Amino acid sequence: MPEHTPVSKIIEIENLTKTFGKVVGVDDISLSVEQGEFVTLLGPSGCGKSTLLRMIGGFEEPTSGRILLDGQDVTHVPPSKRAVNMVFQDYALFPHLSVGKNVGYGLRVAGMPRREVREKALEALALVGLEDRFDAAPHMLSGGQRQRVALARAIVRRPKVLLLDEPLSALDANLREQMQVELKALHTKMGLTFILVTHDQTEALTMSDRIVVMRGGKIVQMGSPVDLYERPATSYVAGFIGSTNQFRSVVATGPTGPQVQCFGQPISAPAGVAPGQEALFGFRPEKALVQFGEEGGGPDTLRGSVADILYHGQSVRLMIDLGAGEVLVDLPMSGSDGMPQVGDAVSLRVGADKIMVLADEVAA
Amino acid sequence: MSRSLSERLAWVVGITLILAFLYLPIAVLVAYSFNASRSLTWPMTGFTLEWYQKLAANEALIDAFYNSLYVAISATTLTLIIGVPAALALDRIDFPGKGLFRKLILLPIALPGIITGISMLILFRSLGIRLSLEAVIVGHATALLAVVVTQVYARLQRLPNSLQEASEDLGASGLQTFFLITLPNIKTAVIGSGMLAFTLSFDEIPVTFFLTGRDNTLPMFIWSTMRRGLTPEINAIGSLIVLMSIVLIFVSVRLQRNTKTQQK
Amino acid sequence: MNGALRLKRALVLSPPLLWTFLFMFVPYAILLVYSFWQQKYPTFVPAFQFGNYVQIFTDPQYFRVILRTLKIAFFVSLGAALVAYPYAYFLVFRVRKPGLRLMLYMAVVAPLWVSYLLRAYTWKTILGTTGILNSFLMSTGILSEPSSVFLYNQTAMIVTLIYVFIPFMVMPIYAVLEKIPHSLKEASADLGVGRVRTFLSVTLPLSIPGIVAGFTMTFCLTFGDFIAPFLVGGPDGQMIANVIASQFGASLNWPLGAALALVMLMIVLSIITVSDKFERLGQGRFA
Amino acid sequence: GELNILTWEGYADPSVIEPFTAATGCEVSATYVGSNDDFAPKLAAGGGVFDIVTPSIDSTYALIEAGFVQPIDVSRVPAFKDIYEQFRTADGILKDGKVYGVPYAWGAIPFMYRKDKFDTPPTSIKALWDPALEGRISLWDDKSALYVAARLNGNMNIYELSDAELAAAVDKLVEQRPLVRKYWATAGELVDLYKSDEVWISNTWGGYQSGLLAAENIEVVEFIPEEGAEGWMDSNMIVADTPNEECAYQFLNMAISAQGQEGVFKVNGYSSTNPVAAKEFMSDSEFSALHQDDPAYLDSLLLWENLGDRLPVYTNAWNSVKSQ
Amino acid sequence: MPEHTPVSKIIEIENLTKTFGKVVGVDDISLSVEQGEFVTLLGPSGCGKSTLLRMIGGFEEPTSGRILLDGQDVTHVPPSKRAVNMVFQDYALFPHLSVGKNVGYGLRVAGMPRREVREKALEALALVGLEDRFDAAPHMLSGGQRQRVALARAIVRRPKVLLLDEPLSALDANLREQMQVELKALHTKMGLTFILVTHDQTEALTMSDRIVVMRGGKIVQMGSPVDLYERPATSYVAGFIGSTNQFRSVVATGPTGPQVQCFGQPISAPAGVAPGQEALFGFRPEKALVQFGEEGGGPDTLRGSVADILYHGQSVRLMIDLGAGEVLVDLPMSGSDGMPQVGDAVSLRVGADKIMVLADEVAA
């Protein structure tokens, strides 16, 4: 991301820290978000995602640091005066107001005439496909519909930035998938800046332009979904986003070049490590080339047998016993190949280009 | 920042005023228990412990106090024995007439005590039951049933049904489930509503007024003493009750705090 | 349903059912029967006639007293709400420490422990002509001579009853405020709404069920009070409960007293029904 | 044995009860009424609770007619004959030639004022209608208020007022109401009202509150107004079917003995119904101060009478004053 | 499954119906479960899964029908007397009892001596790897740990059947996956019969021997995971388990044999349909062979362009615009191929053997 186009930076966060008594919620974070970007904060429970988001929204006063919104310092501006709106995890729909009144609430209180409020609210509801529920009471809506009303309410005032705190976590799997698509479509359609909090990695991968992985109040890594998935910097990130087979090994010099030991079996070392160096390595389950039968072999091949099978429909996850350890591999089921059986001999080809070098974990 | 400071100040002043409103009479009550003069009129005249000594010697007053304890403890126990199953029934069991049952049982909480008192007076007269502390206990238990039922019922509703089901699933009988699972989990509501019921019963006047026989409860004793003119002995016992309630408050705050952390 | 289950249910159900039937349903039924009886010197005799009701609805004194009682109950409830609401609000939204909050909450409930009579009685000491309030006002120079307007009138009754019933107002308001999700206020702020407007258009409407519950409770308690008129009321302080009590006492006219009690019961029931509707309304919203 | 009495505060003082229990072995438990109106309801609610009641002469007959009390075998009360004849033969305690009550104490309902507040002592009930005394007046919260107003209206037949006379009395009281600080309900309350300077003039239970006020150093003067005063007399009665009849008779006897009469005099300041006994403990001056030697005074009092079926009408009238 | 070995049938359900007032919760269901089988009830919210499970557990009295447990009629036997135990969705751990006491509860109320209870509870906790949390209070445990305690508690009495009502739905994605594996391992290890309720299709596919798909109180289809995924009987089942591209077409006779029209483009019809017949067809997103560029073609090929891309890490889901409609395809990311771009031309090869014929929906 080009660091020298200040115009497009809608949010700049500088050395932001928030402590609750002795607990450090957010620890000296700096981050900037481009106009129109879809940024996701990803991390386990308690890592400070909500706290960071709430400071951007103005609901939490930072202990130190600054927040710039569109170039202006808003660190101490109350939420009601920030051109930033939030979609709450529990939706926070006003139970005593109809759907339409919920959406129009912000405009109404700002003194906009009734008719105009109605129009704008209808417009926003139309964007989320709920214009016909204008007069419904929130408790009459399903979870997904409430979610959409909360969205409509947040965007009706055309905020510069939309904050979303785990907006989909209360929905069930099917609905969540559907809402992910809609949310992304809305983002494209409106050109707004979105900052989304989630601890669901698939959600983060599917929706974001950029993912910020957090841990213990700090940013561990940030980058595009592909960046993070293909090139996780640490074992932690690799484990949090997708599954990884991880192993530690000293790089040795083998017959064909540098080699590493994956659970006792040698394979070519990836680029970037030198013989003698010890490092943590990993590869994704779907990156291994699986061949059944005793004979499959060749270089960079691990031999083992199927220990367990998890059928996923479009793919099958196999747990392969390598003797000195187990690795997971995914077998796409696109062909009409028969299902593997437990005990089947199997060989996995893991090319050096598929192996990731993971930094040692430092942060807690 | 300064705005929030002045606002905070306004709050503190306001709340202090409310607390003053609540506690001024009690402060006066306590102060007068040490007042040398017999009468409760302003200004106060001097310091004495005489009223506490008199209190210790006033058998009727002490009897009334014990009667109140007897009534309040019995009524509370009775209310709990009836009220907890009632709350269970409301929460868990469907039966014909449940609507009427719910209405009836929740009624007395808002019903003026005088109506409860009068209707039970008439009942007892019709049944030829003599007025007595026991009659008062039945009256209190009836009037206070709603207190227990509402609170225990509210707690039961928050208690997932699955706990009882899990217990039965694991082979526990209904009674085992009640004593081992349900009761421990509604304990604070039972204790809390029991304490409130005890408090209200201890100080109950209207129902007692109609149902008491020749024995006085403490409020009835005070009531009858007022006819002759209150003496600061009453203040003295009032002050002792204040002291007792302070202790109880500390205990219950402790208790609640413990259960809060437990349930977190 | 199998037999064992049925038996278990019967065991749980029968004590409360029996109790409510015997001590609530039957007494009200007998009360109704009594209201048709007739006074006959020196006591009263069974009869079936509507004379008591006729008397209640034709003698203007009953109407006047009921009206007065309603008025006083209304002002007591209003006053208690005005005091209790800010207090409960403060506890729920302003006090951060749970320990302090609990203490302050108990501080409101605690006076219930001290005899109602004594607490009401001390107001005489405070409000009297030579009382603490007058002495204070005179020492500060606000008054030059003691005023007798503080005691022995309806205002004194209202103040005393507000004082006595405040806990019953704080409890439900506190409960309902505590249930309002914090995020609603944040959402309102987020939508550009200031705190005052947020209070008026979010917090207040959502706390109506609690206010209604407290209002009902306080109203009904006041409606049935016969102590305050005796202690701090003036010559115009008589309330309906005093009239009923005097029918059961001085007049020895239990039938008329029963009829009056039933009229009172009807009034209270209609108030409860109306307020129930309100509360239901509010509960549906959170569903 | 045991004995449960429903009576007035001061009528079961330990100074009387303790010797009685010591002498007879009858354990006494006393419950106190706030007014005469409390007797009938307590008995109406069912028997078995009380053995002895001590209602005033206006309430006695209703209890007899209602069957709440039982006739007294006068032969078991030897001192009965010593009692003032007016009391002994009062209508209120006799029915069908049987005696139902043993007169115990008596007094007047005079008026009373704060000496320091009046330059010219009031002599008439009119003083209680004096606008100058607005907010300083109190009246007993009882149907007795009607008797006062009726007398002011010139209707001396206060126990047999016609509806019109009763209405006039109500009007008078309604007229007076704005001047009233508080209707006093109990003895203690009236004392407090005087003590805290709320009230300067009122009616009173002769001898009783003035005594209490004297102890508080408040100087009040009792007076019988030109319009006269009511008189009252309390009798001990035995509740029907008491299981403690033996103790009950012993109590009746004790009550009119010198010991019992001295108790009521010392504790309450009331006059004695048994002049023979009274002589034993009163000084001559006390004797005459309480008009014990003055049958004319006794006759001049309008001794309370049972209102019979007019009672609810009176009560209603008084309630209607308070409802205005 | 052989229907004639009564010995191995641990549960037989015969014409079971449960109505709540006018609502029919379970509608005339018959089902039998083999000893040691892992059966999953799958279906959308409100389809009657829990009601069926709760009737097996004894928490709900059937309106009509019978339940046999190990050959014995238990229809009216209370839960406390059935050798069946349940793991509740909210775990239903007793909050006032320690972990160990929770697990030992069932033994304790049965009157087993304290020491023995402790031993057995420890044993059960060891099975779920929590023997060191014996004295912890439930609220001190994480979601996954609570889940395991609930499991331990349910198996400590060695029930004949273990019922699980959405035991994993409260866990977050990573934990859920892990617990699925553990649950399955436990099933294998203990040889118990499991009946699991879920509305998560992946969970059903991963864990079950047999899946029972329900809808509106009735069984729509049942069979092994592969059966259901590869040969869904109806459009509903196909849509509920995995994603499907569905299209309706009349079978026509093309140059190479019977053909169907997939959004206007002809491809070979699958076996089992005759020309002239109209039917609903479908194929799974991962079954299409994707080729980029204009030229890719040949028979049974759909041509279109990439309309949207959802990055899932191990795969990419593409929305392909076929002109007359859109279909989804999944592209495994096992190679190091670059990411496709929106607008890329693409051709999809859908072999006739990949096309499923779906029955018309009848049941509501």
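Brief remarks on what is shown
Labels A, B, C, D and E are assigned to the chains in the order they are written; within every chain, residues are numbered from 1.
Heads up, the rule we're going with is that a residue touches a chain if its C-beta (ideal position, glycine included) is under 8 Å from a C-beta of that chain, and two chains touch if they have at least 3 such contacts.
By chain, UniProt protein names: A, E = Spermidine/putrescine import ATP-binding protein PotA; B, C = ABC transporter permease.
As the structure is a computational prediction, the values presented were derived from the model and not from experiment.
Counting hops only between chains that touch, chain A reaches chain C in a minimum of 1. Between the chain pairs B-D and C-D, more C-beta pairs are in contact across C-D. Spacing of chain C relative to chain D, judged by their CA centroids, is 36 angstrom.
Note: centroid distance chain B to chain C, computed from Cα atoms, is 16 Å. If each chain is reduced to the centroid of its CA atoms, chain C and chain E end up 56 Å from each other. Residue positions of chain D touching 2 or more other chains, listed in rising order: 44, 185, 192, 196. Chain contacts: chain C has residues 124, 128, 130-131, 248, 254 touching two or more partner chains.
Chain E meets chain A in the complex at residues 45, 172-174, 180-181, 184, 199-202, 205-206, 225-226, 229, 241-242, 284-289, 310-315, 330, 332-334, 336, 339, 353-354. Residues 39, 41-43, 59, 61-62, 64-65, 68, 124, 128-131, 148, 151-152, 230, 233-238, 242-243, 246, 248-254, 256 of chain C are the ones that touch chain D when the two sit in their complex. The touching residues of chain B, when paired with chain C in their complex, are 11, 14-15, 18-19, 21-26, 28-29, 32, 40-43, 81-83, 85-86, 88-89, 93, 95, 101, 104-105, 107-115, 118-123, 126, 138, 141-142, 145, 174, 196, 199-200, 202-203, 205-206, 209-210, 218-219, 222-223, 226, 230, 234-235, 238, 241-242, 244-246, 248-249, 252-253, 256-257, 260.
On the chain A side of its complex with chain C, the touching residues are 57-59, 78-81, 84-86, 88-90, 92-96, 105-106, 109-110, 137-139, 153-154, 157. Chain contact summary for the complex, chain C toward chain A: residues 181, 183-184, 186-194, 197, 201-202, 205-206, 282, 284-287.
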